[in-house]
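Every chain is named by a letter (A, B, C and D) in the order it is written, and numbering of its residues begins at 1.
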Amino acid sequence: MYSQLKKEAYEANMELPKLGLVVFTFGNVSVADHDKKVFAIKPSGVPYEDLKVEDMVIVDFDGHIVEGSLRPSSDTKTHAVLYKEWANIGAIVHTHSTYGTAWAQTNRAIPIYGTTHADHLTTDIPCAPPMADHMIAGNYEHQTGYQIIEHFVSEQLDYEEVQMILVGNHAPFAWGANGKKAVYNAAVLEYTAKLAYLTEQINPQATRMKGSLIKKHYERKHGKDAYYGQ
Amino acid sequence: MYSQLKKEAYEANMELPKLGLVVFTFGNVSVADHDKKVFAIKPSGVPYEDLKVEDMVIVDFDGHIVEGSLRPSSDTKTHAVLYKEWANIGAIVHTHSTYGTAWAQTNRAIPIYGTTHADHLTTDIPCAPPMADHMIAGNYEHQTGYQIIEHFVSEQLDYEEVQMILVGNHAPFAWGANGKKAVYNAAVLEYTAKLAYLTEQINPQATRMKGSLIKKHYERKHGKDAYYGQ
Amino acid sequence: MYSQLKKEAYEANMELPKLGLVVFTFGNVSVADHDKKVFAIKPSGVPYEDLKVEDMVIVDFDGHIVEGSLRPSSDTKTHAVLYKEWANIGAIVHTHSTYGTAWAQTNRAIPIYGTTHADHLTTDIPCAPPMADHMIAGNYEHQTGYQIIEHFVSEQLDYEEVQMILVGNHAPFAWGANGKKAVYNAAVLEYTAKLAYLTEQINPQATRMKGSLIKKHYERKHGKDAYYGQ
Amino acid sequence: MYSQLKKEAYEANMELPKLGLVVFTFGNVSVADHDKKVFAIKPSGVPYEDLKVEDMVIVDFDGHIVEGSLRPSSDTKTHAVLYKEWANIGAIVHTHSTYGTAWAQTNRAIPIYGTTHADHLTTDIPCAPPMADHMIAGNYEHQTGYQIIEHFVSEQLDYEEVQMILVGNHAPFAWGANGKKAVYNAAVLEYTAKLAYLTEQINPQATRMKGSLIKKHYERKHGKDAYYGQ
């Protein structure tokens, strides 16, 4: 019944080690079916080299297992919350990718310094602060989902434009219309994080690029008169 | 009719991922025929692993498509302007390579710190400033070409000696007599950018190398009595 | 008689170059049998590409060779001391991995900046200071083992929780229940060291993560109600 | 007549790209026969992927070609001078390897911060200053050899212990008893340069390791009672 969903989730997960975005089991991808209100997600702690399509676990938007013999990713409830609240995302990626995680460990948003960044979003890559102690001690992964959503509200960001975030002292999350696009966004976050890191090393007083250039690059890929791609 | 041109452009494009100069579709190479006043260029947004020789698009020096069923690179007009104004370049490469792009994001030229740099050019690697807002909002890629050319004029640089530039808050461009040489220059820019970055990290007060050493290294490769290579 | 022990030690050693943790012969793994009070260790100075199962040397917990025609790793006595004093470790890894060694060269413990770190231990990664001159000049590798143990005592650390250490001006050691887990810990140390390095580069005033988040992440993997993995 | 010499030089050259020590043609290895007073060296500007054993050029210790149809490396005279003056070196390597070259571009010796360094030499890795202008303008590559030798004299270094140097604003040279050992030293220089770079980034006030530890590590590999290796 969920074979197509499992296949897409499996394939998206397998892209992470190829793109250098994970070491060991430090990452996971899920792919959702919003009609059936379920998603397929990587099982917890299974090495990528051992992973099989049938290992994917089917979970509903409240975080309950629907199908699968393995325990799902420990971050499953974060995925469930995001799918439940954000109707237009089809897949979610969580990694501890090197540069994205280093920025997260500083609790700083990644400043928009160049067109590589502006080709994908028009703001800094946001960084949600760590949660209050009682939220961490409570339903932690569930609260992480709401921490992300509340940060988007407080920063007035649109999750359909800004498809990535850092969680403070933790690591990145990214999403997209499908598994392939979500993984692409996770890789864009990592590359942008590396460029921004180097930019500040070369010039600690580097300033954000100007608004006209941000707008131009974002719109040539995503605006109504976009002319990038086929 | 343009099969040889397409083949050279295709092969030069395929060198970029092998040399680690692109991620995803963040780069493009064109190769020109100055007699026919056309160039072959990568189609926009096509992943390198899917690229085929016949996908190359033939464009004239005013940026109009001459042959090809795919949309050419979004940077096509920048290439067209450079070919139109600079008669002696046979190929152009644009990348968002890591270290070159980081320098571009600081809007700084790359200082000439060592012989690896001086083997290829005798000045800093220039960085054209971002354009005025009305130029960005207008015919952006066309203006990018002129921004590069005008920066060469204002800095009194010779495009046949200095075969590379950074565009501020954006990324590198390089060129050369043919596809292979242009890609080589893009790789030299990236390697030189990395060396200069590390040099300043090790010694923030590092100074440029002396003129006699610049001259010696440049001339043993490019002078009238050059003795490098076969 | 020791064929299984040699095989496990061989396989664990061969993981080091695959994981990018060694160059040339700068590393070694041993695997112990606490019942027989012996361990199998890499021979000294043998390149990984030439290494064979039967090359592994069997050594007792006083550092004497029990079986094997090759000279064991020059660090053998350090391994022997750790096995003798710490009953619950089944394998030890020593590398000169890049980021771990750089931290060791600064004689600093690696601060706990994020969940990647807290998933594995709740304290900074300790750094034992270099030994007194007479200990270096004496039975150096033997003393290195006691330097590690004494640092754990003085810092009130538990070697079953904190399964890794830096030795000042030298390099990392890691251990675990078996060869595979010890190598995993050596890789975690290296990745954590890289993340902490980048974190401080991005923000030299970065602060440690808060205790509630450390506790949560450590316990979801290692606590009595752990829910990570299968 | 020189087939064995050419083969050893060829094989040593081919190690450079495998070890990540060269990009394009930015490096060369020679191997000498001190009885015949000749050495085999890489031809100038030939890409490593095209290189063949028979391409190696045989040159005497005054820098004159003895055999070979290709032009030898542009750095040939530097090699010739070193072989002529230093009777006990069998091979020389020149690279523009990343971290070694970055240090050379700062005109700084690489401080001895840890045992990885001390396993190979007991002093900083020296950096010869750039030459006087008239020497650069004159017989440049010949003078480079003497610049290296004179720096060893002025710093009271022994070329049989310290088998590597940086040439200021240029790049590293290394040597050894044979091709394999010289390439090993070039790789050790690069790795040590990277570690020292990271060490200073983590702690700009890092200090050199103490003498007793330097002595211990150097002697366990190179002293009269050495016990490292087989």
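Methods note: a residue touches a chain if its C-beta (ideal position, glycine included) is under 8 Å from a C-beta of that chain, and two chains touch if they have at least 3 such contacts.
Predicted model only: the values in this text are computed from it and were never measured.
Averaging C-alpha coordinates per chain and comparing to subunit C, the farthest chain turns out to be B. It takes 90 degrees of rotation, in steps of 5, to superpose the Cα atoms of subunit B onto those of subunit D. Taking shared numbers over all numbers used, the subunit A to subunit C interface scores under half, which places it in the different class. In this assembly, the C-alpha centroid of subunit A lies 33 Å from the C-alpha centroid of subunit C.
Annotation: 46 Å between the Cα-based centres of subunit B and subunit C. Shown for subunit D are the residues in touch with two or more other chains, namely 201. Applying the touch definition to all chain combinations yields A-B, A-C, B-D, C-D. Across the interface of their complex, subunit D is touched by residues 23-24, 26, 43-46, 70-71, 74, 96, 98-99, 101-106, 108, 130-131, 133, 136-137, 140, 169-171, 197, 200-201 of subunit C. Chain contact summary for the complex, subunit B toward subunit D: residues 113-116, 184, 187-188, 191, 194-196, 198-199, 201-203, 206, 209-210, 212-213, 215-216, 220, 227-230.
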